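Look at the two complexes coming up: chain A is in both, with chain B in one and chain C in the other.
Moving on, here comes the complex of A and B:
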């Protein structure tokens, strides 16, 4: 049975949203998604899923605070403590069982409410082996970037190219928080942070919410919608321990992509994928993930970004939305935002950043520091 | 829809487990579950983690932290979290991993390590309230459940003695459970009624205290069960889950409507239209003794206000007509929140496959229901299993 995306709703992403609380952000994105899908959540939806982590939310049990603003009170509802794409994968499975016809997936960030963001991320480090070292948690990204650059012999300039490209792309996205005309030299000269990473290599937090409405083929027909099909999903985790994971290859992205491609019957991703939205919360992650997803050969992504292959006019447009560098780091909403962007591109609703002739797209996410967990969704139209 | 069976289960001793990390508790339960199913980690396609507040263990993204101990390394691994409802809900998530056709074998691993939280896990519950409307009142869970218990007692004229019988029954049922922390063969109703008052009408022995532990179950598709000729299996024939509004002050606390909706969902799927006749035994969530009664009514296994009468008449004893919490439940075995899956899903599996040992219900049972309850008195998760 095919599963499609029949509604997309997003708020703008902003560095802070003092005029909204998190419930209001969720309400706005949900209202937009329901209007887009032309459904009434109180009648047409069988299941609601939210993607949230307690520490980011500042609650003991965030699941409590989900139902009302989504229209989910007294309905099947649950929290997936993971990235939005993991929530999407669970909704996809619910529909594949035949038990659920229409499911709603929500993810959000209210990062501006977090007073001690570094401390929250630090609490995800192993409490016995890693946290006592007292290092800033982004050291993990610095070490990994170093390993990646060495093993693949990628030039640090390639990272600056990613930064310039994604900030520039975001200028065309009215929802993006950090659109900017950044020169490659600016990125290369920005202050050193977690060597080899510089200030501009690191995405900045943003607030925002994304809601997608999923439906079985049967329900989509009944609702007269024209879905973007979820052709495949995959998710996977490498070792949670920093000491035993693979530092150069994003194994989680490779395994997740293999699963998604298998379900989507994509055999040659490098030629079959028309558009990609890839996790770039640190600039090197975009290149590392492109290689793990089979969209570039190992060690090639850096050269290709310098050739302009990943620009909006390039051979494989990557992060036309602006990515996380351009839109902001929306934490667990990152993957869902990317799926929403790919869906808009495939539907032809991406406004001034609309690409020509895109029929198959891939969205990929990673669960941020210090995890080695990620997910992939392959979306398509037609057929 | 692929038919899904439970083919193995494991659980650790429930205690203050100072010597083990959460990962190690997960490993212990996972290994037991895989061994009991005769499988190894290589047979597992996907893993579902269930664990309640991160703040108990003091680790953010706790699912990621528990990943390797739960056998999730380099596999599709996902954590679900519905407060206390996780104890049964994670199995529902595991069910859709298999029923969707995406996986043949799924491990569901639940863990809780509450002793890391100092001075007492109750301090985590200070952060489950609406920051503007509730938190300034400095509520705690015992106090809020005292309100619900009081409401239930007042509406139906229930006596404390009848509620205390639940604690006595479950603590006695737990005798012989290898993981039990709170079993007591000699406990009496008077012991419960004479225990320290926490927040009237809740007394110390009405509550199951915090604990540490883990539990795991193995789910598999019908095809896999046939091919491997696995004999000890119990089929998942119905699942249901439901959340009520966040605004607990707007709800009538006397009846758990969210449990009733989840139960109706599960019963419809399991083709059960007369639950009292078609269900042989139940494992409702019993962190407080009155909750077992409340949930029996929510599960439509007793009329409203009738559950205390059934308990007094012995109907819910292990050898009664409708055994309830033959495992000993949370009151008898212990309450490491999500890990209580061992007494809910695990017990259904052990009872339905005749492996419950000293706890085995003496008469034949074919259909059981388990239920968990969570969030802020607002979550119901229900699984119906058949032998």
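Moving on, here comes the complex of A and C:
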């Protein structure tokens, strides 16, 4: 049975949103998604999933606080402690069981509520093995970026190209928090942070919420909607040990993509994918992920971004939304935001950044530092 | 079963062994601080506490007065409509007599806690709080109570701006 996205709702992504609490943000995104799907959540939805990590929220058993603002009071509700795309995969499976016709997936970030964001991320490091070193957790990204650049012989200038491209793309996205005209030289001269990474190679936190409505083909027909089909989903986790990783290859993304492509019957992703939204929370991640997803040959992504292949007018537009560098790091909402963006592109609803002739797209996410976990969704229209 | 075991196998550890670092250990103090935005509804609610007032939101569709206030009605899934002050008097809905404090230490004078349904709000809407000026033998479900507020200059925009709920006094209703 096919499963499709029939509703998309997002708030704007902002560096901070002191006027709203996270529940009010969620109500706004949910209201938009239900209006888009033309459904009443109190009657038409069978299951609600949220994606959240208690430690980001700052209180325990986050799922208990979800139902009211999602229209889920006294309804089947659960939380996936992971990225939004992992929630999307779970909702997809719930519908595949035949028990659920319409499911809602929610993910958000209220990063501005976290006063000690570095401390919260640091707490994810292995307590006995890595934490006693006392290094900043983003050192993990520095280690990986260094290995990636060396093994693939990628020039640091390629990272600066990613930074400039994604901030520039965000200028065309009214929801983006960090749209800016950044020159490649600006990125290459920004202060060193975790070498080879510089300040502009690192996405900045943002608040925001994303809600998608999913339906079985039968339910979508009954609701008279025109879905964007979820053709395939996949997810995978590498060993958590920092010492045994490949570092240059994002194995989690490669395996997640293989699963999603298998379900979607995508055999040659490099030619079959028209648009890609790729996790770029550190600039090198976009290039590394493109290679792991089979959208570029190993070592080629850096050269191709320098040739302009990944621009909105390029051969494979990547992160036309602005990505996380341009929209902000929205933590567990990252993957769901990207799925939403791909869905809007495939529907032809992406506004001034609408691409021509896009029928198949891929959204990919990583679960951020220090994880080696990721998920992939292949979306398509027609057929 | 365990009562019959007089000696456990292995080496017993004492707190002193840990303090004297005789045991391999690692210590880490998480640096996790949060400053939650209270949001539109709760911000107004907390500000009104400083004025010694309780404020709610109404939903026109289900005709309920929602307390604590929220900007959306969870039953109708729509924005709520208006601000409405409710009373600081109410009825004890349920209560418990706690003989342990938050550290699970036994306390001589038990703490009375419970939920008060407030006058002016829809049924089963109110707040959880302490009870005072009554004993564990006097408290009962259905008892009429009133908020005992802290003096205005001590209020901080916290639910503790109410010290506790106490029985209605003569002339109060």
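Of note:
The definition used in the following text is that the second predicted complex is superposed on the first by the 383 of 383 C-alpha atoms of A that agree within 3 Å, B and C clash if a C-alpha of one lies under 4 Å from a C-alpha of the other, contacts with A are read in each partner's own complex, and residues count from 1 in each chain.
Going forward, a residue touches a chain if its C-beta (ideal position, glycine included) is under 8 Å from a C-beta of that chain, and two chains touch if they have at least 3 such contacts.
This is a predicted model, so every value here is computed, not measured.
When the shared chain is aligned, chain B and chain C each come close enough to touch A:127.
In the superposition on chain A, A:146 makes contact with neither chain B nor chain C.
By the touch criterion defined above, A:55 lies against chain B and chain C together after alignment on the C-alpha atoms of chain A.
By the touch criterion defined above, A:63 reaches chain B but does not reach chain C. In the overlay built on the shared chain, the residue A:27 is in contact with chain C alone; chain B does not reach it. Contacts of A:78 after superposition: chain B is touched, whereas chain C is not reached. The contact surfaces that chain B and chain C form on chain A in the two complexes overlap at residues 55, 58, 67-68, 73, 120, 123, 127-128.
Considering their complex, residues 1-2, 21, 52-55, 58-65, 67-68, 72-83, 89, 93, 95-97, 99-102, 124-128, 130, 239-247, 257-258, 261-262, 265, 269, 374-376, 378-379 of chain B touch chain A. By the touch criterion stated above, chain A contacts chain C in their complex at residues 17-24, 27, 30-31, 34, 40-42, 55, 58, 67-69, 71, 73, 110, 112-116, 118-120, 122-123, 127-128, 131-132. Partner chain A is touched in their complex by these residues of chain C: 26, 28, 30-42, 70-72, 74-77. Within the complex, the chain A residues that touch chain B are 53-56, 58-61, 63-68, 72-82, 86, 89-90, 92-94, 96-99, 120-121, 123-124, 126-128, 234-241, 251-252, 255-256, 259, 263, 367, 370-371, 373.
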